[in-house]
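Have a look at this one.
Per-chain residue numbering starts at 1, and chain names A, B, C, D and E are given in the order in which the chains are listed.
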Amino acid sequence: MSYQEFRDIFYNGVWKQNTGIVQLLGMCPILAVSTSVVNGVSLGLATTIVMALSGASVALIRQLVPNEARIPVFILIIAVLVTAIQYLMNAYLYSLYVVLGIFIPLIVTNCIVLARVEAFAAKNPASQSAFDGMAMGLGLTAVLAVLGGLREIMGHGTLLSGIDLALGPSAKSLVITVLPDYHGFLLAILPPGAFITLGCLIAGKNWLNQRTESRQARIEPVISAA
Amino acid sequence: MRRTMAKAALMTALNLSAFALFGTALLAFIYNQTHERIEKSVEAEKLRLISQILPHSLYDNDIIKDTLEILPDPLLGNEGKTTAYRARLDGKPSVVVLEAVAPDGYSGKIFMLIAIRENGELAGVRVVSHKETPGLGDYIDIAKSDWIRGFDGKSTAQYNDQDWKVKKDGGKFDYMAGATITPRAVVKAVHKALQYFALHRDALFAGGIR
Amino acid sequence: MRKLHTFHGGVHPATCKTQSNGSPIAKAKLPSKLVIPLRQHVGHSARTTVEVGERVRKGQIIGQADGHVSSAVHASTSGTISAIGMQPVAHPSGLPEPCITLIPDGLDEWMELEPCEDWKAVPHSELRHRLRNAGVVGLGGAVFPSDMKLYAHKHKIKTLVLNGAECEPYITCDDLLMRERAEEVLKGAELMRELLYADEVLIGIEDNKPEAIAAMRDAAGKHSGMEVIAVPTIYPGGGAKQLIRVLTGIEVAAGVRSTDLGVQCFNVGTAYSAWRAIRFGEPLISRIVTVTGNVESPQNFEALIGMPIAELIAQAGNLPGTTGLIMGGPMMGVLLPSDKAGVVKATNCIIAASDALFPPPRPVLPCIRCTRCADACPAELQPQDLYWFARAKNFTKAEEYHLFDCIECGACSYVCPSNIPLVQYYRFAKSEIWAQQAGQKAADAARERHEFRESRLERDKREKAEKLAAKEKAAARSEPAPVSDKPDTKPQDEIARKIQAAIDQAKAQAAEVKPKNTEQLTPQQMAEIAEIEARRARIREIAQASTDAQPRE
Amino acid sequence: MLFSPYITKPDSVSKIMLQVLFALIPGIAIYVWFYGPAILVSLLLASLTALSTEALMLKLRERPIAPFLKDNSALLTAWLLALSIPPLAPWWLIVVGTMFAIAIAKHLYGGLGSNPFNPAMIGYAVLIISFPSQMTHWLAPGGLGSAGLDFQSQLNYIFRGALPDGLTLDGVTMATPLDTLKTQLHMNGQMKSILEMPIYGRLAGVGSEWVSLGFLLGGIYLYARRIIGWHIPAIFLITLFAISGVFHLMDPARYAGPLFQWFSGASMLGAFFILTDPITSPTTPKGRMIFAFGAAILTFLIRVYGGFPDGVAFATLLMNICVPLIDAWTQPAVFGRKDER
Amino acid sequence: MLSALLAMGAIAITLGAVLGFAAIRFRVEGNPLVDKIDAVLPQTQCGQCGYPGCKPYATAIAEGTADINLCPPGGEEGIHKLADLLGTEFKPFGGSTVPKPKSVALIDESTCIGCTLCIQACPVDAIVGAAKQMHTVIAAECTGCELCVPPCPVDCISMEPIADTTGNWKWQYPVYAIMPSQTAP
């Protein structure tokens, strides 16, 4: 329960094992809902909540579940959480619910949720598991935000459009028009645009990693020589 | 061996069902807590769409309740039963909202809501869903362009049959260069809906059409 | 007129043959020394039969065929053996191989030869034996021992194909041989036909050698069942598989013996050498070598095996601007790492390369899958795919796409618009696969041996325990078991003491200046010791060579 | 000089690509004759964009620039793309398309030789998906539009988006004959009366049919020079002819005849220049035939039932995906192993 | 509400029973992965990995108790193969394990005292000889494991690297300059 432990979990979830651009899990919602920042972040946060809660629940009950019923029980827990969130969104964030539509129930089948539950929550205590789920979810949300932002700017020339769906009509003033009089680059909004942009994001991350690696490699001998 | 197998099966079954029952109970509880609110949200959404083409000043009745079932009609292009919403002001009929389908969009059907005042004038038209080429035919959507507002206030009295066409075909309606099929379909469908209204006007506001 | 078949692909590089085929075969002058590799053929290296300092006469065996697939090596002239050891040879690696260095005495004194007038009376097995002892191997480049190829096993050989196509540019040694010694070539063919019981002899010569065709046709008139056939000039029409295909329509796949399909193929030069070996008893101590390219007077030499290539080039006249020496033709030849190496039985041509003749390669671009290579490939492979697999080191896939059917003719590289060294990739992939297979075989053998050892130890332990149990049982029956375990420890002490003594003795021995007790040894023992010494020396030498070789990589 | 063979045929990627560019010239010349010189502006713009994008990408990828710029492959991509989009398109359209084709469709996949999709067609697909309206304004051939545009006005429109006073875009442009046919059929027009419209000529569209003939000529030149094989163009055209012929015979009122399919749209350009791109087409003879067959069927289906004006580009891209599979399935028997399968 | 509970409960009981039954009925015995790993290992049986032979090491890898980078005779190539097989990432050799050139043992026959200790150490029976007789290594069978070196009381065994010969020489991977102007002198 040390600070270092939580820091490692956070770093792992948000950057090192990022679900969106490293593990490439749950591609279907990532590609489908990342047409705008608001859509992406909304689904990302919904997934984060599910992941944190499912992590905690599974960690709590892991001793009670026999091995052969492990996966059905985990899925059951995730499905219950997702359905609960779906009801709540339907009731309180109806317009956003309409936009995200099918992708909310699809969180159940988002393999990243089950993957983390299997890989982490089934072996760790509840607080760590909840934190891991949250970190992973935030990593996913971050990717969805960047992806959605890029696609929105390229496709529509705006940012945060549709924020009124989440925060109410008064938030409409938050919408930023990045490129006025923009023709719109439709490809960015369409599924191929999602693939291409995600590919560029992955490339960008790999490039960053390589750069830090080569930098470290360059520094090390100097240190050892000194 | 057989014993352990049966035992393992029983244990797993009990475990799984315990979780299932707990989960189901939890969900049932949440559902009970939220379903009223969900129904309200659904209604509000419908109302929101209708209210876009139906100014609040024009009615004081509960239009969600004051509905009428419409049977398939070639003039409306609907293939199944649809609902017409009737707006009344001080008990007098003011506007009817019809659901119409333009079957000949560039890539499939275009679903619309058409609000017609009792005098035959269009109060407003909105496209509910369509599959037109993005960026090309989708300017019929209010989210993309104001083109659809061009119908506001038009009626068969104002424009004769020849005028209910896009300008390229000699009519009065604008269109965006390069994409004429979509507006053609929409104009045609609106025109037909007005014709339908003219035929069934009284029935629409009264009991119903058989 | 015989109906000729065609093979897929092929290319038409400039033939460049007129430079060297204008003058008759010249006899190369006796060189200052001869470097004769012990392995100039496919198979096992020959075993040395001479010692340093020994005088040998021309034609004397200096290396005896060793093993099933092997061939003898002879002194190319009379002289003294000056060295036996590792020397650079005509091999692309530049690695040394065991060679015998012979300093000619200038007398060129033949040993007694055993001519054979009536070879038809000699049994076939004896003829084959003589060919093996005469060191006759395929002179077309494959250098497979000919005696082995002249045995039909149980197959009925219908056609003996004599390969005079000589499709590689620049090379004219077979052309000149056929022009000047057609009669003896055909007598050799007659001998081969006899050994193979073949029905017909088809001699394929590319139609750009009209003089050779005429000479051979003239000579063939005296033999029955021999036909000289002009085949279209196309590279690699002189490849054995391709020539067999053109003349008979039969396709011999990789890994298939042509005798299984009723055909056998020999180079015209081999036929000539076989004839000389049987009729006159002359071993294969010289061959015709085309020396061309960047030299003063390109021509064909009859050169002694072992003649240093530098001296051969000098006899044709060195020219400035030579950038390297190619053994073989420009399509399949080997760039020689050293001109010190001697002419071997496979040396059909030496080209002095210059930038004017062979411009440096143009920049390599990525493959654009244009399939010009596939159109040119005589083996009907998909070189672009093989290249891709070889480059990605995906060897399983390369094998699946029939990498080993590639004959490395170079037609694909020749036509490649991206200038990719395709053949080099195939060679790389092939040698990697061979190494892998060898490694796998060794690992399997090691596993098997290890498992056998484990089971043996297990068995020994069990047997020992059983024996002990039986003993104890017997002891228990007769008398009480001994209480102390002293008898067990004593022998162990004894053993340790003995070992220590032996160690001391060995150390003392090792410290002594004269390490070996060389007195009172039988000659046999001495020979054994010498052999052990030689083996050790060789291993050290190999080890040394490899450590020397390390920095090169 | 390190490995055998030490001699090579004096052939190069650069020369092959140059021949293909050369073979495009008759078609381009006819294009200019009918539609004015606007296409030359597109070609120039595309070429410049392609070369500079190529250089930039090579630099980013730390590859030598000169040998790759000289291979002419970027130029070929640029020309094919420029020929597939309306000449009177705003300048940024061709620039965006070419940049996408070179940077993303070619270099992100590994550059020359590694791109699975035809870069020019990717560029086209991106443009038609993203800017459908701009992509449907084709210049009317000389004498057909309500007014002709001189070169100055064409340039003015391309770079500044301004048309001379009193002219609308609809006046000087029109949909392609293929597109018009589809639209008219959609509007319940009759095939016979549609084909009597002034934009239809002897074989297909006025002007465009001659451009197609020009590309056919170039294609025959390429075949004569053995730059391309016969398999892809022949099978593509024959299949397209056959399938459109069958449909035409079944219902002449709804399906145009095979010659119309041949000489309208990008059929000829596709058959000889686009589908034959060696990098993105199969390498085995049988594979090439399957590839061309599939492309023809898809082209026809997209033209008749699809939502886009022409089908060649998408048919090409869809068949490009299948190339590795086709190649793996159609490996020819090798020398001496013909009875093994 | 009640119907939902009943339905879910019934489904869960049935599926749970099936699962419990299947878990016992289809249990997999043994581990085929061990053989696959063993096939990749070089079979030198040298024990440098800390396990008494290749098979025990393979078992340890399969169980997840050993790292894949402990086999010096397999070289980096071997680690790559193991990483591919197990779907893990490549790891460079650990601190103490360093790959060496492939070698064979050579017994200096003049010093050998015939103590048979090396014969007992050889895991593949590649040393022949009898007590008080000179021993020799069958080079073709020697895996270069070096296990015979430490037991020798007179230090007469040395490891000789296998040299490059024309027999085991390999064609190199073609390396060429894309831009000759940069590399040509």
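The definition used in the following text is that contacts are C-beta pairs under 8 Å (C-beta built on N, C-alpha and C of every residue); 3 or more make two chains touch, one makes a residue touch a chain.
Quantities reported herein were computed from a predicted structural model and do not represent experimental measurements.
K.L.:
Fewest touch steps from chain C to chain D?
P.N.:
Step count on the best path from chain C to chain D: 1.
K.L.:
Taking CA centroids for every chain, report which one is farthest away from chain C.
P.N.:
In terms of C-alpha centroids, the chain at the greatest distance from chain C is B.
K.L.:
Could you work out how far the Cα centre of chain B sits from that of chain D, in whole Å?
P.N.:
Measuring from centre to centre gives 42 Å for this pair.
K.L.:
Rounded to a whole Å, what is the gap between the Cα centroids of chain C and chain E?
P.N.:
Measuring from centre to centre gives 35 Å for this pair.
K.L.:
Indicate the whole-number Å distance between the mean C-alpha point of chain B and the mean C-alpha point of chain E.
P.N.:
69
K.L.:
Mind pulling the chain A residues that touch 2 or more other chains?
P.N.:
Counting only residues that touch two or more other chains, chain A contributes 66, 68-69, 72, 184, 186, 190.
K.L.:
Residues touching two or more other chains, restricted to chain D: which are they?
P.N.:
In chain D, residues 2-3, 64, 67, 129-132 touch at least two other chains, as defined above.
K.L.:
What parts of chain B, by residue number, touch at least two of the other chains?
P.N.:
If we look for residues of chain B contacting two or more partner chains, we find 8, 11-12, 15-16, 19-20, 23-24, 27, 134-135.
K.L.:
Show which residues of chain A lie in contact with chain D when the two form their complex.
P.N.:
Result: residues 183-188, 190, 192, 196, 199, 203 of chain A touch chain D.
K.L.:
Going by the contact rule at the top, pick out the chain B residues touching chain D in the complex.
P.N.:
Listed in rising order, the residues of chain B that touch chain D are 104, 106-107, 133-136, 168, 176-181, 184.
K.L.:
Going by the contact rule at the top, pick out the chain B residues touching chain E in the complex.
P.N.:
Per the touch definition, chain B meets chain E at residues 1, 4-6, 8-17, 19-21, 23-25, 27-28, 32.
K.L.:
Under the stated contact criterion, what part of chain D meets chain B in this complex?
P.N.:
Residue list for chain D touching chain B: 129-134, 136-137, 168-170, 173, 175, 183, 186-187, 307.
K.L.:
Going by the contact rule at the top, pick out the chain A residues touching chain B in the complex.
P.N.:
It comes out as residues 61, 64-66, 68-69, 72-73, 76-77, 79-80, 83-84, 87-88, 90-92, 94-95, 98, 184, 186, 189-190.
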